[in-house]
Structures are given as structure tokens and as C-alpha cells.
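One chain, chain A, appears in both complexes that follow, with chain B as partner in the first and chain C in the second.
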Partner chain A sequence: MQGDAHAFRNLILKHSSEDVGKCIQCGKCTAGCPLTFEMEFMPNQILELIRTNQEEKVLRCNTFWFCVSCQTCSVRCPENIDIAKIMNTLRKLNIEKGMKPSPGGVVTFNKVFLDSIRSYGRVYELGMVMKYNLMTGQPLKDASFGPAMFMKRKIALLPHRLKELPLIKTLMAKSRRLME
Partner chain B sequence: MCESFGVNLVEIEDWNCCGASPAHAMNEELSLALPLRNLIQAERQHLKTVLSPCPACHSHMSLSHKETEKNSAFQERMKELLKGEYAGGVTLRHLVDFLYRDIGVEAIRSRVTRPLEGLKIVSYYGCLNRLPAIEIEDRENPVMMDEVIEALGAESVDWSHKVECCGAGFALTKTSVVHRLVKEILEAAKMAGANGIAVVCPLCQSNLDMRQIELERRGEGPFALPVVYLSQLALLAQGRKPEELGFKKHLVSLSNMLLALSL
Partner chain C sequence: MTESSHDLNITLLTYTEIESVKGSIGNFEVTIRKKARSVNMSKCTGCGECREKCPQKKIPNEFDLGLGKRTAIYIPFTQAVPNVPVIDRENCIYFTKGKCQVCSKACPTGAIDYEQKDELITEKFGAIVVATGFSMFDSKAYGEYGGGRFKNVISSLHLERMLDSSGPSAGKVVRPSDGKEPHDVVFLQCVGSRDESKGLPYCSRICCMYTAKHALLLKDHNPESQSYVFYIDIRAGGKNYEEFVKRTQKEYGAIYIRGRVSRIYEKGDKMVVCGADTLTGTSVKIEADLVVLATAMIPNPDAAELAQKLHIPYDKYGFYTEVHPKLQPVESVTKGIFLTGPCSFPKDIPDSVAMSGAASVGVCAVLSKDELIVEPKIAWVDDERCTGCLNCVKVCPFDAIETREVDGVQHARVIESLCQGCGNCASTCRVKAVTVRGFTDEQVYAQIEASMGKV
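Now for the complex of A and B:
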């Protein structure tokens, strides 16, 4: 609804079941976050921006892309707000609305990772890493570890394909980004 | 290691990737359906417990398990997507839970034939202690791993970074973040006087081991801190030969640690 002062707060509530209205701005989430040095807005600021309906500002910032889902904020929140879950919802809303792409090629990586599951049912590490590095213009990243990874049999040369792969493919085609 | 405690492990047939962080960040239904398929497969094999070595796999399966329990609309939708039904009869355990609660510290101690005397180990839990699916007595200062390490005869060293984040899924996309976080952790371990770091998560192992080499190459070391799984330490204390324990797969050499044990 246009002009609804609580629109963004309610959108977040709908998709994550978390209500930012409970936030008391104590700052514990920010104090415990290991990634604040990369973030445009601090986690507690994000909650305040959602509460005050500043959707554009939130969905265009880099904060949720730098959330590593370690859950420190969620565990420490005295109001039991699952802040990491809100960050996850923000990532999906950003993609859904076609907003500014993620820094560091995170979405590219995610897509390449999921492509691997679509093709094999599991992650084919070698193929995935090479594809991601090529797509992000850094073909030789981590290449120096390649020989050791093979010699030590940490990664396989060839992929393994699931028997029930058709089921995985259908699942990936039909599943919905956001649940209500 | 499980065998040494009389537990036989079987693999879930045709298991699939749980989708990890990418599914979690991109597609909610997928992030619940992928782990659920593994649970359906487990039930088809009449397995009662699913043991995960990875905290994230464990956590994702637990989320799907709980959602099935409480949400019938979700159940219906998953039936349609997965062409199968999960009855909810599987108990989920992470390896550290399993060791600490199901096997028990006393049983672990009773199997020790070569106490790891001389080893000073820091327990690194990372974000594992914050995943809701794992039962932990104190999320700010967990001691499960510490108690196991003491039972193995090694000294468990108290330190500042046992629950700090290693950068986890940013390993490939934001490697500079991982470098920064890993460096803080390694420096803290070194400051505590440890000659090894114990882990129970494959991603912690990989980040701390591989990026440690890289930091050293860039002249930001030296650390020389082997990053070993709790299971490897348990078997070492049971008298198993180092060659049998996969130490050759590590990037950071274990020679100093084994030297401290006169091995």
C-alpha cells in the first residue's frame, strides 16, 4: 500500500516473521558483528531504517551482503529479534526487486554454486571455482593451491552425478524465492 | 572414530548438497527442500540418527525438520516438490553433540591409551555455538570441546577467540574478509601459547588451514598452527598412527605438533 508508514516493516514481518518494532536500539547486534568494518550501515541502524520505512536506503546498501550469517546478533538480541534472518530476507528482496548487484560477486557465486547442484546434485568444487573465477575476471585466483588440492585429494577431478538428478532439477525450477 | 566407540556409520544413499549459504540467500523454499530430501532418503533406509560433520548441514537439516513438525502447509508443499514424505522420525546430531552427549566424556577418556601430554590446544567453535540446532550449555563460552580435549590428556588452553567467526562462506567471494578474521584468530591462538587448533567444522578447518598458508606467504606470519579435527585428536590419543589420520591432507604441517608428542 502506497503511503503506508509501516509498509517496509510489515514487508519484513511478512517474509521473515521478525518485527523490528521490538528493537530497543541497544546496539548489541552491532557490537558483536564481525563484519561491521565492511558495512555501510550498522546492523542496529538497519533495523531503525526498516522501522522508519526507508526501503530504498536499506535495499541499496551493502550491509546485508556482508552479513556472514554467524548469528551472533540473533543470539545476543535482548528482544529475541532474529537479525540474521532479517538480513537474509533483505538479500532476497534485493534480488527480487532487481536492485544494485552484490559487492564481491556474491550473487554470481551463489548462482554458480546452485548451477553445480542443478547439474550434479552436489557441488563439483573444481568446476564451480573455475567458473566463478572466470565470471568475476580473476581466472588465477587460488590457482596456486590447485596442485596441492589434487595431490592431497582434497578435491576431485571429476564430478559425481546423483541418480535422482531429475527430481533436483524440477525442485530447483519450481521452488519459490520467498515464502509467506 | 565412531567405529572405535562401537558406532557404525552408513552413508545416506544418493545424498544431495544441502544448498549451503547460496540456497539460503537465494531461494527459501529450495534451502528447506534440499536438506529435507536427505532426511527422506534417510527414512527410506530406516536410519534413526543422522550425524553431520558440518554444523551448517546439520543446522539446515534441523530447520527443515522443525518446519515439517510445525507447518502442515509446508509439509504438503514439500510432498509436491519432493515426491516423497518425511515422517519426522530422524534424530539429528552434529558430531560435537554426538561425542559430548551420546558417547560422553568418560567413554572418550576410557579409550585413551596414549594421552596427548605436552599438547597445548585451543578449542575453536566458530559460529557453531550459535546455531540454534546445537544444544549448548553456554553460547558465549562453550566448553564441550575443551572437556573432550582434557579427557584426551592434552591441555585445553583458555583463549579469547573460541567463538569468533572465521569468515565462513566468504572463503571464495570475499577472501580479504577471511584473511582479516583468520589472522585475528591465529594471532590470538599464538598469543595463548597453543601448538594446535582443534575444530569440528570443515569450513573452519579449510579457512584456518589454507588462508594461514597464504598469510604466511605474504609475510604476515609465521603461525605454524596445525588445524586439526577433534576426531583426529581422539584417534591419536587411542594410539592410532599419524599416517592413518589424514594428516597429509593438511596444508599446515603437523610436524611440530607431533614432535611435541615425540611422534
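Now for the complex of A and C:
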């Protein structure tokens, strides 16, 4: 470790206003997390890595991509640290710094999902699945489910548009402005 | 306790409460409420006939935390001193319905007295030792641990009562739901303690050791059983403490898992405990028969009320404050009042015993002297300036200002043995009649000038 030994901790503090220095490493976040089986580092380990300034290791791991923001960790943290918020911050930092992309195309999925909302005001399932599979280079992955789901009317061939589409668009533009 | 009850120089006033405390060191005047016991203490021989005959037998026993039952006329536990029962008037059939009096008929010495009333006595004391103990944190605050809904999630004190051979289950550990002996028992440490979100960021200090003791005793009582202990850090600082925890792990096979538990839920007749093992970086699920919560030590619910009666300060939790945490740990800020045991902060038995010894010697030091040496930095009132508004009396936290008449006018006067030199009175006095010795305006200005140059 060289330079400012608290650089990463302070960076997280600046972006999320959460201080990992409060963590007592009790592990309650990890104990309650429903996604730990997929994570490279456990939530409590992420906090420890931030505290010990290991930026590379944290931003290159898959943990925060698997966080589904269920907030169980944040609600139960005895030190009132909003861990879910830290995970969100890590996602943002990962994209900003152009680090290794998410595993399983999480970012791609989020993008495709939001594109669908932007165009139709709601999810157009068929379009979204096809677009996502194309973009992640597996065009025929879910093709076999298609007919059965269509027969059961789970997916439609054509998109439904929401009447209040302009309103949704305004909302999304506003939230983007707030983000920036 | 039994020994002290026989000592001629010790008067035990049990089943009593402090009403008010006046005066100062060497001269406390304490009003004590002797609560109506409904039993004549001088006639009662402690034979226990009344308790056996009492028809009201289904009251949850407070000492056993509701695990056992008691009668309406009862002693709290077998070794209670004095061995004289009390009638619980809220549950007694005679007091609620007007008929019964079985205990009176059963008593061979005629000691039952239904007419007895609370009695107020006022006595003088030279010093006071506060040893009011502590309460246990109520784990109902943890919704994720069941919030009191699960019968098989108990507190360590419940387990302690069950392990007692004269306790509610005669020394056998059983599940409250079905009375079966548990095989897998999970212990959770730091339930309440070290939890900022519950307002208790401190360590309760005793839980590591009693949990190890419980895991050891459990194996001793039932060799088939298996204990799991979820901990954050093992704090075994004390003579032979670390060795004891090691022994529980090595010889008694308790499995220690470093991590907190996030959730407990019921699955059939098992309790599923979802925890973390932070050393391997994995989450852990254990199906347990019984879960034991090591709940935090907290001050008594009426700790603040008693502190106000005694005029002693307390901290944000309600623990009584000592003069100095390292150099004067048993003296309260009010002279002549000593603190022992966990009423001032969580403590284990050796520490409490050591403190009690120190407090006793402190009391002897007060009582053996004819004159009292006090701190010089205390307040005094300039009679020429005092207008008798007596605002200082209202702000004094130690009741150290009395009134006296000077030329027919009420003036304030500082009781030197009580004043602690806090300066509240000096800053309140509008005519600058009160000064704290050593902190006169001239002296403070001189200090500022010495450090900052001429101002």
C-alpha cells in the first residue's frame, strides 16, 4: 500500500456518505445476504477490503453486481451502515473507471431493460430477451422456451405501449439529471 | 447473605425501597418504605406450611423468568434471605376475592397479618453503597430473531435457571415448546451488546464467559448434545478465562463460528439459524433444537429514578457515573456514596467482589475519621452581594446549597462537604455573588493572558 492509506475509504465516503470505518466485522450482512453463493467476496469482506484500501480487488470482483439491493444487510447492520448503498456506489465506480465489465452481462441487461421502459413505458419481454441475448452473443439461448411461453400468453409478439409514455420519459429524464 | 443476616452489627432491611435521601456525607437521612409483607417477621419461623397449602399455585415465577410456577404467598427462591414469605396481594385469592385465608389457618405461629400496611422509617447513615445490579436486554427488539415469538429461542438467563438443580426443570435442559431434551443448541453472543442500532454500542463483558460455561455445562448434562456458538470476538480477559474457553472448545466440543446471525426461523420443530462464518467467508445455516441468546447487560429500568433520589449522576445508558473510571472507580461524584457491581457498568463476579471490597474500605475511611478533607475548589457565597434570589439552589445538581437568614433576609450558603465545584451556581448568579475557589474571574483572565499574551 502506498500513498494515502485511506484513499478508497474516503472515495466511498464521498460518493455514498457511508463510512466503512464504523464496521466491527460482525458478519451480519453476510449472514443475511441471499446472494452470497455467487459472490467472490462476502459483503463484510468488501467492507474490510475498502478499509484496507484495496481498490483494484474490490472494483474487479463480482460481488456488487450480484447485489440485488434487497437491503437486508443495511436494515440489520448493528452499526447502521447502508451496505446496499455502498454496493450501488461500487457499481457506479466500476462503470465510471471503465473497469472489468460485469459478469453475465448485468450492465447490458440493465441497459436493455431501461431501453425497453424508455420505448414502451413497460417491459416488452420478447424484444428485451432477444436484444439481450444478441448483445451477449448467445442469440438462440432462450429460443426453445418461446413457443411454449407464447402459447401460455406469457409473452406477446408485439409490444404494448403505455398511454402515459411521455410521462415516463419525463420521469426518466429527470432521474438522469438528478443522477448527474 | 445468611451470614450477614446473623451478624449483630448488620441490620438487613429486605422488601424495602428508598423513598428519599437527604443530607450529606457522614449525615445522610434516608426515608425507607418497608413494604407490607402481610407476614409478621418476628413470628414467622420459615417452616413453609403456608406456601404448601396456598391454593393459588399458578403464578409465573419471576425468579425463574416464568419457566416455573409459584404460589401467592412465596419466597422468591429457595436460598432467599430472610426465609420469610410475602403475600403477593395482586394474585392472592383473599385479597382479590375476600375469601380464603388458608395460609393463616396453616400457619402454626399465627404470623400471617392481612392488615399489615406499608411503613415509612427514617434513619441516619454515614455512607451509602449502591449495589443495585443490572437488568437484561429484552431480545424482543430483534424481529429477525423472532421478537419473542419462538418458544425455542430463549435467553441465557432462562438456560441458567434450567441448569440449576433446584430450578424449574430440576437441572434438566428442555425445549420450552415440547419439553424434549435438545440435541443441537445454538448460542448467539452480542444480542444487544455492541449494537449501535439498538443504542448499546458497549460490550457487556460477561457473555463470552457465561456462554462458554453454558456450552460446557450443556455437554456435561447431556453428552449427546452439540453446541454451536456464534461470536464476533471472544473477550476472555481474566485469570484462567482464555483457558476456560479453549477447554470448552477442545474438550467439550463446542463449535465456535465467527460471525453474527442475521435471521432465525422455524422449520417443523427445528429452528433454522442463518449466520455467517467470516473466517471462511461463507454463510452458514444450522438447524437447531434450541437457540440461546446472550442478551446484553443494561441498567435497571428505575436506575435514573434512584439516581435522582441519591443525587448521583448517570450516563446516557443509565449507568451511574464514577468520579474517575481508572483512579476512583467505586466513588460516585456525590461524596459518601459508593458504587459497586454492574450498577456503574457491566462487570463480572470477580470485578464486582473486588469493587465491593474497595467500597467497604471507602466507607470505613469515611466513618473512622472525625474530620473530613474536602477539595478546595468549591463554591462560596459573598453575603454582601447575595440578593437571596436563590436561583443557585435550583441549578445545583448536588443539593449543596442551603438557605440561611442574614439580617432577616434569606441568603444562599454552600454546604462545603457536598459541593463538587461544578460551577453551575457561579455561572447562574446574576450579581456575581457566587465564586468557585480557584476559578475567580481574575484567575481565569490571568490564565488566558499567560497562555495567549495580553488581551
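Definition applied: the second predicted complex is superposed on the first by the 156 of 180 C-alpha atoms of A that agree within 3 Å, B and C clash if a C-alpha of one lies under 4 Å from a C-alpha of the other, contacts with A are read in each partner's own complex, and residues count from 1 in each chain.
Keep this in mind: a contact is a pair of C-beta atoms (placed from the backbone, for glycine too) under 8 Å apart; a residue touches a chain by one contact, two chains touch by 3 or more.
Note that this is a predicted model, so its numbers are computed, not measured.
Of the two partner chains placed around the shared chain by superposition, chain C is the only one that A:Ala31 touches, whereas chain B remains out of contact. Of the two partner chains placed by the overlay, only chain B lies in contact with A:Met179; chain C stays clear of it.
Of the two partner chains, chain C is the only one touched by A:Gln45; chain B is not. Contacts of A:Pro78 after superposition: chain C is touched, whereas chain B is not reached. Overlap of the chain B and chain C contact sets on chain A: residues 37, 72.
Against chain A, in their complex, chain C makes its touches with residues 144, 190, 194-198, 232, 258-263, 274-278, 281-284. Of all residues in chain A, only 22, 24-33, 36-37, 41-42, 44-45, 72, 76-80 touch chain C in the complex they form. On the side of chain A, the complex with chain B involves touching residues 34-35, 37-38, 66, 68-72, 74-75, 88, 91-92, 95, 104-107, 109-111, 113-114, 116-117, 121-123, 129, 132, 141-142, 145, 148, 152-154, 162-164, 167-168, 170-172, 174-179. For chain B in complex with chain A, the residues that touch the partner chain are 14-17, 19-30, 33-34, 37, 81-83, 126-127, 130-132, 139, 164-165, 167-170, 172-175, 177, 180-181, 210, 248-251.
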